[in-house]
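Worksheet: the structure to be examined is printed underneath.
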Amino acid sequence: MNRERLEQLLIRVRSGKVSVTAAMEQLRALPFEDLGFASLDHHRSIRQGFPEVIFCEGKTPAQIRGIAASLLKHHRPFLATRASPQVAAHIKRIDRRAVYHELARIVAVRDPKRRLEGHVLVITAGTSDVPVAEEARITAEVMGSRVETLYDVGVAGIHRLLGRHRQLTDARVIVVVAGMDGVLPSVVGGLVDCPVVAVPTSRGYGASFNGLAALLTMLNSCAAGVGVMNIDNGFGAGCLAHRINGLGITRQ
Amino acid sequence: MNRERLEQLLIRVRSGKVSVTAAMEQLRALPFEDLGFASLDHHRSIRQGFPEVIFCEGKTPAQIRGIAASLLKHHRPFLATRASPQVAAHIKRIDRRAVYHELARIVAVRDPKRRLEGHVLVITAGTSDVPVAEEARITAEVMGSRVETLYDVGVAGIHRLLGRHRQLTDARVIVVVAGMDGVLPSVVGGLVDCPVVAVPTSRGYGASFNGLAALLTMLNSCAAGVGVMNIDNGFGAGCLAHRINGLGITRQ
Amino acid sequence: MNRERLEQLLIRVRSGKVSVTAAMEQLRALPFEDLGFASLDHHRSIRQGFPEVIFCEGKTPAQIRGIAASLLKHHRPFLATRASPQVAAHIKRIDRRAVYHELARIVAVRDPKRRLEGHVLVITAGTSDVPVAEEARITAEVMGSRVETLYDVGVAGIHRLLGRHRQLTDARVIVVVAGMDGVLPSVVGGLVDCPVVAVPTSRGYGASFNGLAALLTMLNSCAAGVGVMNIDNGFGAGCLAHRINGLGITRQ
Amino acid sequence: MNRERLEQLLIRVRSGKVSVTAAMEQLRALPFEDLGFASLDHHRSIRQGFPEVIFCEGKTPAQIRGIAASLLKHHRPFLATRASPQVAAHIKRIDRRAVYHELARIVAVRDPKRRLEGHVLVITAGTSDVPVAEEARITAEVMGSRVETLYDVGVAGIHRLLGRHRQLTDARVIVVVAGMDGVLPSVVGGLVDCPVVAVPTSRGYGASFNGLAALLTMLNSCAAGVGVMNIDNGFGAGCLAHRINGLGITRQ
Amino acid sequence: MNRERLEQLLIRVRSGKVSVTAAMEQLRALPFEDLGFASLDHHRSIRQGFPEVIFCEGKTPAQIRGIAASLLKHHRPFLATRASPQVAAHIKRIDRRAVYHELARIVAVRDPKRRLEGHVLVITAGTSDVPVAEEARITAEVMGSRVETLYDVGVAGIHRLLGRHRQLTDARVIVVVAGMDGVLPSVVGGLVDCPVVAVPTSRGYGASFNGLAALLTMLNSCAAGVGVMNIDNGFGAGCLAHRINGLGITRQ
Amino acid sequence: MNRERLEQLLIRVRSGKVSVTAAMEQLRALPFEDLGFASLDHHRSIRQGFPEVIFCEGKTPAQIRGIAASLLKHHRPFLATRASPQVAAHIKRIDRRAVYHELARIVAVRDPKRRLEGHVLVITAGTSDVPVAEEARITAEVMGSRVETLYDVGVAGIHRLLGRHRQLTDARVIVVVAGMDGVLPSVVGGLVDCPVVAVPTSRGYGASFNGLAALLTMLNSCAAGVGVMNIDNGFGAGCLAHRINGLGITRQ
Amino acid sequence: MNRERLEQLLIRVRSGKVSVTAAMEQLRALPFEDLGFASLDHHRSIRQGFPEVIFCEGKTPAQIRGIAASLLKHHRPFLATRASPQVAAHIKRIDRRAVYHELARIVAVRDPKRRLEGHVLVITAGTSDVPVAEEARITAEVMGSRVETLYDVGVAGIHRLLGRHRQLTDARVIVVVAGMDGVLPSVVGGLVDCPVVAVPTSRGYGASFNGLAALLTMLNSCAAGVGVMNIDNGFGAGCLAHRINGLGITRQ
Amino acid sequence: MNRERLEQLLIRVRSGKVSVTAAMEQLRALPFEDLGFASLDHHRSIRQGFPEVIFCEGKTPAQIRGIAASLLKHHRPFLATRASPQVAAHIKRIDRRAVYHELARIVAVRDPKRRLEGHVLVITAGTSDVPVAEEARITAEVMGSRVETLYDVGVAGIHRLLGRHRQLTDARVIVVVAGMDGVLPSVVGGLVDCPVVAVPTSRGYGASFNGLAALLTMLNSCAAGVGVMNIDNGFGAGCLAHRINGLGITRQ
């Protein structure tokens, strides 16, 4: 209920056209109804700069097809995460520009008008962390960020990281993906002054507890300026990195 | 060991002034020695734009006094977190411009030349979350960010939050502090398109497990673009928010 | 042992027909024996208004067939939860009115004489939560409650929920099903004044720990009036919602 | 602003005593701004039938005094939970009708016009569970429910419970409070057909883990129709029991 | 009412000294009502061979005094566990034969007619485990078992244990109390063929998690024939050991 | 090293036949060597009254065949637990008297000379707990105990249990097997005065955490005299029950 | 580039066969760039005395082939852990001297010039712990340590261990591998004065929580001088044992 | 009885000054009985090269005094850990050479004949980790190791560590003490080729869970050759480091 509608209601109360009881009923919900936008899809795009994204896990193929068809009719770019090759095939039938990134398990339709801007750097500690890193990379790119990568530079051979010091300091925001002991974000966070997004992966064995160890390491990082994502949440990391990267470019 | 020194070494090997064995010993550590900067304090300020911060918990008064004296001789601004009133008194004796923020438990000496810029918004779900929020606010301000606050707007009365929609969309980065069920960052994250820094607090009882419940809620947030801090880590949140806020202003 | 039998025993002790030792043995168990009802099945229906329900997981097909045949001989309605299509086929052979609800994994035989009464509302945060919600819905309906549903209204787009404010306030009891961060019950609980039954689902990844994160969120909900069920326990939620819904209708 | 005051305002608009503009100003800020007190949720009384309740833990005496004074100016009844005797003394100075329930740690001002209706039964397993049970009892009573209690009837001597079978079946809703192994709700839930609200307490030692064991027991209860509250959350249990009890009485 | 008093009552019924009606009145209330004391389980002495025991933690002094006075009027022996010196003083005022075992934190009144029979052996790994062991010893003794002890024989010096092999094989049942790594029950269980009752203690530091490590060690013991108690639950261990020890002596 | 050998050593030191250094080396290990029994297999049977049992999980078929062949050459009875049908077939080829108990997953060769004695009662809460209960039953029987069973008497219909009160009080020791909330041992423990062995099962879903909930319930049982086994450890329970049952029969 | 090749390079610089500039180019990229293979840590062989080891889990066959080919071109010995038979076949095609140790899941190419020195003893509690023990054994041997083994000597029959006292005291370092209750390292640690490396295995069931119980036991060991590895981490144990064993032999 | 006294006894047997019978009597009771002090492990000095150490936590002052007096009569050196100043004062009264190390909470009497040998390096990440590091240092020194320290070199400023590369490579064994994220051992382990002993500390807040986060980080370390101790277990680390350091020096 916006200002005009509220004014109308009170005028109609005054004139006797609406009873006090009926007015009370409408006013009871007042804090909520003034947001009454019609459609989910369009509004998300306006509100957050990017349309709804399909998280495919736990959805049936039919559900995904339905949502994808509806989104693709109205929006560019398009993103579906945790997609199997089968799901990708379904979506490609709806829109043949759709591309399947197998390692990242993402189906994407890019918006050709979006130029890749800024500078996001995605780092991994090991080779096995790459799928999560790729999910972050594709996500940020499809949203409009320019992304570079630096994979397999864990602290077991820390000179590999230190040797790339220039790449680290050039980035506007760095996504660090690591499993097992999850120490890489702490080391990176101590070397740079830009925001760091840390993503634990479920890679490891024994007392890694499917990423819990790496998650706790990152939450307790002694380095300041590190924000942590859920385990294996490359999509969220890409999304946050893009929002950070966008500051000073698209919204300044 | 930089390029010049390496060249010198090889020339001396060639000329027989350095034995192969001695050269091998030096080369063994090659990836590390070229970073040999003299002093911890000065370099942090150059590397990360802010000098070392004292985390007072678990340090003796004598240790804190020593570190503070050394830092205050060389740097502005100055920040000591988790400081008791006693610690604050000690530091004020070293530098009388030091101010103690009791709720935030911070002792700070601001740098008068830093103008507060950008726009960080700090939100809390409840009144008891305010100390952690204040730690974030003071930290970000001392580092040079302009900060606004919006306290006690938890979802039990969600219209309190929705009514401030404009304040939410005006911010460049939002810090959301919440204990108990920790749901506020999810709701805020669904309303805005700027980066959100979520801070769980240890406030709550029973199965809140001293903030673990809120932490898990935030890590699993369905809203994209939310980075999570450790429980009660207002300092880290302020620090990350400041780094994000600085993009497009100081480093563009 | 009721009053009459106790009196008889003592008279027989007095008359010497029962020895002191034998009487002592009988009296030792006195608090328990007066409940000696014959049959499990019939009594549950009398005691709790609904016959025993078969929880199929962990039972062999032969066991389920046996229990189902015995129950179906004496009772309507009939409910078997967590049933596979195979189990459903077995039961349909016993009673061809049995209906298999695939999404809810329930086999049900309704009692045509039960009118659906009252008003239970079942809400989900996401599409993947629907199977658990359907288990709750079918359960409550078969027991005799009228149920409405409102699916996929999570807080990532909170206006979807707020726009249905009328549906929320019309219900007598609301079941809220949510995985991942599990924040929806907190938001719903802050909007209505009827009882809320919260059901965490195992949907999510990483640090959702198969529903633990959502469970903790719900237990710590700042909103008053929320009772929590076990993870994925749609049956329990439907059952509790039906009992609440029945107050003021069938038992007043 | 309660229903009466809102009705008065509308009547005065209708009669012309208040202009539409002035009414609009009051209504725009209706939920929280009209008292100049930042985030108190005065709208809650209209929305949920009971004004905001003060949870005293983690708030300073000054904060509690301020909130209490504001609430007591506008609302009856009034409830402050987890209150120390000192807090109680502060509140009594604001309103001398305030009563301190020491065992329940509640300060309450009852609304003399509310008749106690329906029938809530509060049960405990042991003597040490009584404080949490009393918190539930006072809460439900102040909100308007008639409450009976049955304390110290744990299953170590199950005949104590079975001997009160009539009391169990007479209740409209039963709150069961238990620590240690937390088995009482399962047993009660198997005996009755009304809704059961289970509250684990932190009572116990060793592997009770401050109530976690009892909480898990209750969540896994084999008895259907049991909703679980957070550990020691007597307030929430009283609140939910009152809402359930109210169905068929106040809202039918 | 113990076995003797019940037998007396029945004999007097048989002899006509007590009427059937009067006996019925006494028996009707036998389990708990005859003392007008709400929930004390006086029937327990008949049912389980030992009257109710007071667990003092979490009870007020007044509650303990009331329960103790009621129990001491009717029963011997008497046991109150986790009792502070203050509680002991209160109970001694009620019955001056009460003895306070400070290390075990038990107040006991022994039944002089009970001879100590059988052979329970209580072992500890370290000196700090002794209080829990003493709680077990006093409990078993007051209940009527003969108990020997063997303290501080942990596996860090395993010859201390092996040197007492004869004492181990002589016992009918062995209680093994251990904190930290909790390995002693596994070693003892591999040496003997009698039942072993394992009690983890909260002694330890770091990742002992207040006894959780020792508890898990004992639950996973490779040695067969080991039953585990809750952390620090010396009372339960003494109780179970006494019941086992009694087989073949009092009940054969 | 026994007394004779020690004496010999010292005599040889005195006579100079053994040097001081050599003697010191031998004496260094003195506390351990006097136990130097030759053979694993035979000694276990002497020491603990039952030969080694094969736990098949995690062993290769070849390993199991080898151990079984060696044991069956020397011992009766024989027991192999957690055995698949394939393993059973292997063992039957070695000894055709071997019987496979499929539900219990045990391969057993009984000793025809062992009479079943005493009285162990095995109870389950539900149908799904039966496999674990059967593992306990077969184990105790093969070891020589007479076992009765009472299955599916959980507290959801507590009269089923109470109606069998006589069976409960007749047993010398009771094994109670329960999953989900695991409350049955608490109820049984409150009814009887014999030792109770509680076995949690991994049956359940959601927050049962594969038996953890039931395990905690049992460890925290308010009923005294309950010893707890590891999750699903029917073998251990049968073993402990047999040892308890044997007291007063075979060893008195 | 190993020590020998580095030495050769320097000798050739000295003799003028390689120019300073050419040597500088090779040395600048020494740690990782000289092979054009992104992040392989060829410097590790110089820094830590052993080249990089391939942890195969979570890597694709193509990735493993690529890394193996690169390593095998430059280094001896070679080690790939957690290798499936398929992976082993791939590597054998690259270098036919590669041997697959199936139980240990290791592919190794030994360096024929390395003599096995010192004395590492590897012990297991049970038969199922052998795979992890073999991973430790092969690792230590390939690195150059002489290894003996002592398998299946758990404390259920502790004389098996005590009877081998001489073997224990002869070792320079002992690796103890144990699952279930994990008590063996505590017992071994109390018998010897050399360093003990404890490795928990995931063997066990129920509350062993995939090795967590054994891990906690070992961390809390009362025996001094025990260092703990991650669950199932035989490779790490072999590596640490080799480094310890090497002291006083290769580096003295 | 230490090695010297045993040697003396045997020499006197050889020379006929002590009879075989008298020697046998002394040797029979050698491990613990000869001092009439129940369970002190005087044999440990022979078996493990160092007498029993008193862990003071959880022991009464009287117990500590008694054990200390007995140990100090027979052994040098002497070590009591986790000692309060009061305990230290008690021990100084028994032996005035005792020194109290306040930060390490250790009371020690050194053996002047032990020369400090080898080279142990103790490193901490932060200032607050120093007490645990000091416990390790004093322990290793009193046992006979030469120890150097390098405190406050955490990865937030990694150049502090890299700049000390020479110190790292010079050590025979390195103890790394770290709280919070616990990443330092991973970094150190990647730089050196000697054994690393990692000690997590309880320093930290929020989701550090009193050292659990650091413990998990260390257990999952990607660097090979790292053995982990219990949280805050400086004593154990010092002990293990000394044993490792001793290889190749005292036992070669």
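Going by the order they are written in, the chains are A, B, C, D, E, F, G and H; count residues from 1 in each one.
The working rule: a residue touches a chain if its C-beta (ideal position, glycine included) is under 8 Å from a C-beta of that chain, and two chains touch if they have at least 3 such contacts.
Fair warning: this is a prediction, and the values are worked out from it, not measured in the lab.
Undergrad: If you apply the touch rule, which chains end up adjacent to both chain E and chain G?
TA: F, H
Undergrad: Could you work out which chain's C-alpha centre is the most distant one from the centre of chain G?
TA: Relative to chain G, the chain with the farthest C-alpha centre is D.
Undergrad: Give the chain pair, either D-E or C-D, that is connected by more C-beta contacts.
TA: Most contacts of the two pairs: C-D.
Undergrad: Give, as an integer number of Å, the spacing between the C-alpha centres of chain H and chain B.
TA: 37
Undergrad: Could you give the separation in Å between the centres of chain B and chain E, each centre being the mean of its C-alpha atoms?
TA: 55
Undergrad: Cα centroid separation between chain B and chain G, in whole Å?
TA: That gives a centre separation of 40 Å.
Undergrad: Please set out, as single numbers or ranges, the residues of chain D touching at least two other chains.
TA: Only 31, 43, 47, 156-159, 162-163, 191, 206-208, 212, 215, 219-220, 230-231 qualify.
Undergrad: Would you please name all pairs of chains that touch?
TA: So, checking each combination of chains, I get A-B, A-C, A-D, A-G, A-H, B-C, B-D, B-G, B-H, C-D, C-E, C-F, D-E, D-F, E-F, E-G, E-H, F-G, F-H, G-H as the touching pairs.
Undergrad: For a test of understanding, state which residues of chain G touch chain H in their complex under the given definition.
TA: Contact set of chain G toward chain H: 47-50, 53, 172-173, 191-195, 197, 215, 219-220, 224-231, 235-236, 239-240, 243-245, 247-249, 251-252.
Undergrad: Residue numbers of chain E touching chain C in their complex, please.
TA: Checking each residue of chain E against chain C gives 3, 6-7, 10-11, 13-14, 16, 20, 23-24, 27-28, 30-31, 43, 46-47.
Undergrad: Tell me, which parts of chain A touch chain C in their complex?
TA: Residues 29, 32-33, 35-37, 40, 43-44, 52, 57-59, 63, 200, 202, 211-212, 215, 230-233.
Undergrad: Note which residues of chain C are touching chain B in the complex, please.
TA: Interface residues on chain C, with respect to chain B: 125-126, 154-158, 162, 180-183, 186-187, 189-191, 204, 206-209, 212-214, 216-223.
Undergrad: Spell out the part of chain H that touches chain B in their complex, as residue ranges.
TA: 127-128, 157, 159-160, 162-163, 165-166, 169, 191, 203, 205-208
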